[in-house]
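For reference, the structure discussed in these notes is given below.
Labels run A, B, C, D, E, F, G and H following the written order; every chain starts at residue 1.
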Amino acid sequence: MLFKNGEKILFTGDSVTDAGRARPVGIVGGLGSAYVAVISDFFGAFCPEMRLPVYNTGVSGNTSRDLLARFDEDVIALQPDTAVILIGANDVWRQYDYPDYTERHVYPEEYEQNLRAMIDKAQSAKIRVILMTPFYIEPNREDPMRKRMDEYGEIVKKLAKEYGVLCIDLQKPFDKYLQYRYPAFVVWDRVHPNRIGSMLIAREFLKAVGFDGFW
Amino acid sequence: MLFKNGEKILFTGDSVTDAGRARPVGIVGGLGSAYVAVISDFFGAFCPEMRLPVYNTGVSGNTSRDLLARFDEDVIALQPDTAVILIGANDVWRQYDYPDYTERHVYPEEYEQNLRAMIDKAQSAKIRVILMTPFYIEPNREDPMRKRMDEYGEIVKKLAKEYGVLCIDLQKPFDKYLQYRYPAFVVWDRVHPNRIGSMLIAREFLKAVGFDGFW
Amino acid sequence: MLFKNGEKILFTGDSVTDAGRARPVGIVGGLGSAYVAVISDFFGAFCPEMRLPVYNTGVSGNTSRDLLARFDEDVIALQPDTAVILIGANDVWRQYDYPDYTERHVYPEEYEQNLRAMIDKAQSAKIRVILMTPFYIEPNREDPMRKRMDEYGEIVKKLAKEYGVLCIDLQKPFDKYLQYRYPAFVVWDRVHPNRIGSMLIAREFLKAVGFDGFW
Amino acid sequence: MLFKNGEKILFTGDSVTDAGRARPVGIVGGLGSAYVAVISDFFGAFCPEMRLPVYNTGVSGNTSRDLLARFDEDVIALQPDTAVILIGANDVWRQYDYPDYTERHVYPEEYEQNLRAMIDKAQSAKIRVILMTPFYIEPNREDPMRKRMDEYGEIVKKLAKEYGVLCIDLQKPFDKYLQYRYPAFVVWDRVHPNRIGSMLIAREFLKAVGFDGFW
Amino acid sequence: MLFKNGEKILFTGDSVTDAGRARPVGIVGGLGSAYVAVISDFFGAFCPEMRLPVYNTGVSGNTSRDLLARFDEDVIALQPDTAVILIGANDVWRQYDYPDYTERHVYPEEYEQNLRAMIDKAQSAKIRVILMTPFYIEPNREDPMRKRMDEYGEIVKKLAKEYGVLCIDLQKPFDKYLQYRYPAFVVWDRVHPNRIGSMLIAREFLKAVGFDGFW
Amino acid sequence: MLFKNGEKILFTGDSVTDAGRARPVGIVGGLGSAYVAVISDFFGAFCPEMRLPVYNTGVSGNTSRDLLARFDEDVIALQPDTAVILIGANDVWRQYDYPDYTERHVYPEEYEQNLRAMIDKAQSAKIRVILMTPFYIEPNREDPMRKRMDEYGEIVKKLAKEYGVLCIDLQKPFDKYLQYRYPAFVVWDRVHPNRIGSMLIAREFLKAVGFDGFW
Amino acid sequence: MLFKNGEKILFTGDSVTDAGRARPVGIVGGLGSAYVAVISDFFGAFCPEMRLPVYNTGVSGNTSRDLLARFDEDVIALQPDTAVILIGANDVWRQYDYPDYTERHVYPEEYEQNLRAMIDKAQSAKIRVILMTPFYIEPNREDPMRKRMDEYGEIVKKLAKEYGVLCIDLQKPFDKYLQYRYPAFVVWDRVHPNRIGSMLIAREFLKAVGFDGFW
Amino acid sequence: MLFKNGEKILFTGDSVTDAGRARPVGIVGGLGSAYVAVISDFFGAFCPEMRLPVYNTGVSGNTSRDLLARFDEDVIALQPDTAVILIGANDVWRQYDYPDYTERHVYPEEYEQNLRAMIDKAQSAKIRVILMTPFYIEPNREDPMRKRMDEYGEIVKKLAKEYGVLCIDLQKPFDKYLQYRYPAFVVWDRVHPNRIGSMLIAREFLKAVGFDGFW
C-alpha cells in the first residue's frame, strides 16, 4: 500500500468530508459519519497491523478560499504524513443555489490558485498530497452544474499531473454506479453522499492507495 | 374567481402540501409553511372581502394509496366546497430512492385507481375537485424519474378531462422557470420547493382559479 | 425598476425587519421570516434574470439609537448599493409599554438626529437610501401611540424630502387594509405583522421601486 | 366576606384563567400564573385563618361552547362551593382574528344559551355562581371588537341579574386604569393581562366579594 | 410616599431578590418572580401616575462579600435614586449547610464591614439606602440558624440607626404570620419565600415607604 | 442477617423511597438515588455471596391512601419475600403545606386503617413486612409538624408490635445526628434526605436486619 | 450468492442488531447504525442489480424469551424470504451483570427451546433461517462469561446442524481479530461492537452467504 | 484517623474521579457521583464532628500529562492539606483503544516523570500527598491491558515508597472482589466503577486513612 506502517493520514475539505465530525479535532467522534470514517473502518478492521491513524479537518460550507485560509492551522500544524484534499463542491454550488451572492462564488482561476497555494504549503512541509476531484452525482453530463463541476475536476487533475501527486477521480465511480441506480439512492441533494455513496468513495480511495485486505 | 365568497377550500396531499402544518387540523399553524400558506396569504392580503377559509390535510410521506385510506376522514368529513389534490410524488420517488422495497411503490395502474376513488368520493359528497399534477424540478426531460413523473402527470390530466374537473399543471411553470435558474435555487432535492418555489406554485394556482387582485 | 441588475439591497431596522434571521449575516436563513424574505421571494420567483442579492441586518428591540451605534458595521461595511431603513417602532413603543424607564425612550428630536446621521453615513459611502416609515397597525387615529407613531412617520417623510431619497409610507397601506379587516387578522400586537401583513409590506415596497413582474 | 371559612372556590374559563396551570387539576402549580394565583396569594397572605382552597380549571382557547362541553367534568364533579366563570373572549376574538373560519365563532345567541346551561347546571348542584364579564383592554369604545365584547358583557350582566348571581364587571376597572396608562403597559395583545393586569383583576374580585384584609 | 415621582429604585441582594431575573439587567423579565416583581406590580397597578422604575440586581448564592465585590458595577453605575439592600442569608446559611467549607462563611465582623462599605459607597454617590434585614422563616427562636440570622439582623438594624437610613425588619412580619400558618405554607426551605411569602415582604416594604394606594 | 440468601426485598412508599427510580419497575435505574440504592450498594459490595435482589416501587407524592390503592399491583403482584414500607410523610405534610385542601389530608385514624390493610394483604400473601417510621428532620420536638409526625410514627410502632413485625424507627437516628449537625446539612426541606441522610437511613436499616459486613 | 434477486432479508435480535433503528419498522433510519446497516451498504454499493431489501427488527435488551414473544409480529408477519437471528447475549449477560435478579435470566435449556420455537415458526412460514452465534469479545476463553457465551453458541450450532440451516459463527472472527488488537479497539463493553466491529461482522456474513462483489 | 479535624482533602485525577462534578470547582454538585462523593458521605454521616471539607478536581479523559499541566491551578492554588492523586488509566487505555494515535499515549517513563513532578510540586507547597494506584477491573492477570496497568501501578507504589507517602492499592480490593462477582456487576467498561465499585474504593480509602466510624 502507498502508506507505510504508522503514517498519519489527514483528510480535509468541506461538508462531504466533515460529516458532523467532533470539534476540536479529536479521537472521539473525530472522523464524522461519511467516507473518512468508512476508510478508517476498513483500515481498522482489515489491516490493523499497519496502525494508520486517520484525521479529519473538513469544515461544512467551505470553499477552497475558506480552506486555504485555515490550511496552516488545520493541516500543516497537525504534521500528517499525507494530506488528502477534497474541495470545490461549494466553489461551484454557490454559483447555482445562491447565484446572486457573487461574493460567495469561487471561480476557476481562483480555485486553481487556492489549490496551488495549498499544495505548495504541504510540499514545503514535506507532506504527501493526495487530491480528490470534487464531484456532482448527476448522470446528465449536459447539466450546467455538472459541466461546471467537471471543469473544476479537470483543474484538479491538471494540477495533480503538474505536481506529480496522486489524483483520485471520484466523479468516475459515481458515473459508473449511476448506470445501475438513480442518484436518489445514494444522495439526497446530488452533493452529500449517503452511507452507500460513502462506501463507493471509500472503495475508490482504497483501490487508489493499493489497499488489498478485504477478504 | 372560481370560488364564491365564503367557500371553504381544502388542500391535501403529501409533504409538499403538509410542510410542517400543525396537527390536528386547526387554525394556528394549520397551513404549514409552503404553497398552501402562500395562497392563503394572497387571499388574506388581496381579497379579504371574499372571506375564503383555507384548510390543509397534507401528510408527509403519503402516496396516493395512503391518501385514499384517509380520504373520508381528512377530506369528506371536513365538508369543504373545494378539495385540491396534489399527490403522486412519493408514488414515483420510492421507485427511485428505495427501489428494492417494492411494497412501498405505487405503480401507474394503482395510482389511477386511487385517484378515481378519491374523485368519486368527493363528487358524491358534492365537493368540487381540483387536481394538480405531481412534478419533479429536473430540467432534463430524459431523466428517468422525470419521465416517470410525467407519466403520472399525464394520468392526472387524463382523469381531469374525463371527470371534467379543473387541472393545474405544476410541472409547466417549473419547466419554464428552469430556463432562468438552476433547480438548486428553488429546491434542495428536486421535490420539495423552497419559499421561491412555493411562490411559483401559488401564482400558478391563483392564475388558474381566476384570482386577479395583486395590484 | 429602481434597481439595476446585480445590485445589492440591504434592509435594516428592528424586530419587524429581523424576524428571526440567522446570525451572523449569511445566506442560509439570513433573511428572517417576514417582509424581507417575501420581497426576496418575489425577486427570485418573478425577476430572476435581475440577480438581486438581498441582505438583512435588522436586530430585534433596536431603537434608532441602537441602529446608529452599529450602522458602520452592519450597513456601511457590507457595501450595499441600496440601504432600506425601517426604524422607530421601539423608539415610540418603549414610551408606552415601559413608560417609567425613560432611559429607554428615544424622543423625536433624537430620532431625527439619529436618522440624519445614518443617512449622512450612507450617502458618504455612496449608498442609495430608501426610508420606510414606522407604523402602528391601529385604525383609531386618536389612539395616543398611533398619534405618536405618526409624528415619527412625519419626521421620516420630512427627511426623505430634504435628502431627496425615496420614502415608502407603510402606515398608509395598513390604514387602507383595516377598512376590510380587523388588526388582529394581520398582527397580534399591532406592531409585528404576520405573514399577511408581511405580504402587504412587500407589495408596497415592490410598487414603490417599480417592480412589475407578478403576472 | 362573601365566602365562609373553608369554602372551596373554583375559577374556570379560557386562557386568561388558565395561564399555564398544571394538568390535571392539582395543588402544585395548579393555579397558573395570572389572576387566580394572585387572588389565592391575597387569601393565603392576608386571611389565612379563613382556609379558602382555590381551584382553576381554565383551558386556553376555550369558547363558551367548549367550556359547556366540559362543565360537568371540570366544574360540577369537583363540587366547589362557588364557581367563578369568566368566558367569552374567544367567542368574540375568533370573529376578528379568524373571521373566515365561521365554524369557530360563537355568536351572542349561542353564547347566552351556553351561559344559561352552565348556570343551570351549577345551581342544580347547589354551587354558588359568580359571573365575570369578558373584557377587551382597548380604550376606544368605537373599536369594533371592543363594541362586540361589550355586547357579550351585557349578556353576562343581564343573566346575572336574571339569575340573581353576583356579577363582576372586569371591563370597568381596565377602562378606568387606561386613563392613566396605555394598554401596552398591562397587556401585550389587549386580551391576556400581564402581572399588573392580573393585580387589577384580583383587586376587583376581592372588592366584589368583600375581602378586607390587605393592611 | 418616601419616593418622589419618577425616582429609580434598585433592589439588590441574593437569590431571594434575584428570583430568576433576566441577565443582563433589563426590562423584559428583569425583575424576577419574587418580592421585587410584586412590589413593582403594586406600583404599576395602584400608583401608575408616580412612574417609578424598578431594577433588580440580585444574584443567587451571593454573600455580602460577593455583593460588595460587584457593588460598583451593579449598584453605583446604574445611578438609582434608592438602593434597597437585602443580604446576609447566605453569609449565615453556609455556616449550616456547608459547615466544613469555612472559606465560604462570612462571619458577623466581616458582614458588618461589608455592609458599611456598601453604605459608604452608596452615600458617596448620593444614593438613598434602604436596608432590609435577612430573615429565616423558622418559628423556633432557639433554633441555632434562626438565632444566628437574628444576630445578622441586629447588625443591620444597628447600622441603619448609625447611618440614619430606613430599615425594614422582614423577620417580624414572618414571625407574626407563623402564628397562623406553618412555615411550609410560605417557604419550602425556610429561606426562599414562595408567592405568598413574597406578598408578605411586598406589603412590609410598601407599608414602610408609605405606599397607600391599594383600595 | 434477617434475610436468607436469594430473598427478594421490595421497598415501597413515597418520594423518599422513589427518588427518581425508573418506570416501569426495572433493573436499570430502578432503585432511584436515595436510601434504597445505598442499601443495595452495601449488599452488592459487602455481601455479594448472599445474592439479594432489591426492588423499589415508591411513588413521589403518595400518601398511605395512594399506596394502599396500588398495593396489590406494586407489592403483592411482585411476590417479594420481604416488603419494607415507609409511608406517612405526605399524610402529614399536606396538613401543613396545603392546609386548606383538606381532601388531600390523611388523618391518623385513616392512616392506621390504611397501614392495617396493607399489612393484612402482605401477610395473606406470605410476605414478610418491615415497617419504617415516617420522620421529620426537625430537631425541635415542639414544632407542630414534628409532633404530628411523631404521632404517625407511634401508630407505626403500635401496629408493628401488634402484628409482630420488625419496626425500624428512622426518626431516632436523625435526632441523634442533629446533635452534631444542623438539618440543612442532610436535608433541604426537612423531608427528603440528601446523600448523607440516605447513608444514615441505610445504616439504620442494615443494623436492624443484622447486616455485619462493612469491614 | 445464497440470496436470489429481489429476496427480502430480515435481521432480528437484541441491541447488537437494533443499534438505534427507527420505530416502527420502516425505510428511513430503519436499519440502525451497526452491522445490519453495513451489510445493506455493501449490497447497495456493490450489487445494486440484485435489489435486496433489508429489514431490521432487533430490540435492545431482548433475550430469546422476549424475541420469541414477538416473533409472530416482528418476523413472520413481515414475510421475509430469509430471517437472520442473532440472539442470546442478554440471556447470558443478565447472569453476570444482574446475577441476583434470576427472573431475568434465560438458562441454556430455555434458550434452546426458544430457538427451536422460532425456527419452527419460521420454517412453517417457509422462511429461510440463518442463525448467527451470540458472541463475547473477550479473548480469555477461561473468562466465565465467555465460557457461558460459548455454551450458548454451541447450542446455536447444534440446532443449525439439526435443522439444516446456515450457521454463522461470529465468535470466531472476533477471536481471530483479537490476535491483532485489544478488545477496546472494537467494543467498549465487550458486547456492542463499534463501527469496526460491525465491519467485521458484515464481512463474516457476506462471506457466509457467498457475496463476492467488493472489488 | 490520618486527617486532623478541619483539614481540606482534595481528590484529583481523570474521569474515575471527575464523575460529572460541577464546574467550576464548587460546593453544589462539586464532588461528582462516584467514589469522592461516597467518601464525603461517610465523613459527613459518620464523623461530622471532624469537619473535613472535600474537593474534587478530576477531569475526564486526563492522562498524567494533562493533569501535570493543570496541577498548579487545580491543586496547588486550592491549598488543600492533602492531595489524593489517582491518575494513569488513560495513559494506559489510549494504548489499547486508540493504539494508532501514539501522540495520545503516555508511556511508563513519562508517567513516572509526571508523577514525580506532581509530588514535588505538592510537597514544596507543604501538601500531604496520597497516591492511589490506577486499576483495571479485569480478573485475568495475563490480559495485556491488565498487565500494562499493573506496571503503572508498580510505578506508583515505587514512588510512594521513595517519597514516603501513603499509597492505596485500588487494584487489590477489586481483585479480591472479583472472586465473588463478575466485573460487569461493578463496571460496564472495566474502567469506570458503578455505585458498587465506588463503594469498594471508598472502603479501601477509609481503611487506609484509619477511618473507624461506621457502626
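What we mean here is this: contacts are C-beta pairs under 8 Å (C-beta built on N, C-alpha and C of every residue); 3 or more make two chains touch, one makes a residue touch a chain.
Just so you know, these numbers come straight off a predicted model, no measurement behind them.
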Contact-richer chain pair [F-H vs E-F]: F-H
Listed pair (F-H, A-G or A-H) duplicating the A-C contact set, over half by residue number: A-H
Chain centre separation in whole Å, for chain H relative to chain B (CA means): 65
CA centroid of chain B to CA centroid of chain C, Å: 35
Between chain G and chain H, centroid-to-centroid distance (C-alpha), Å: 39
Centroid spacing, where centroids are CA-atom means, of chain D and chain G in whole angstrom: 62
Multi-partner residues of chain B (at least 2 other chains): 98-99, 181, 185
Residue numbers on chain H that touch chain A, as the complex places them: 98-102, 104
Of chain B, residues touching chain D in the complex: 6, 27, 51-53
Touching residues (chain side chain F, partner chain E) in the complex: 93, 96-99, 139-140, 142-145, 181-182, 184-185, 188-189
Touch list for chain B against partner chain C, complex: 37, 41-42, 44-46, 48-49, 177, 180-181, 185-186, 195-196, 198-200, 203, 207, 214-215
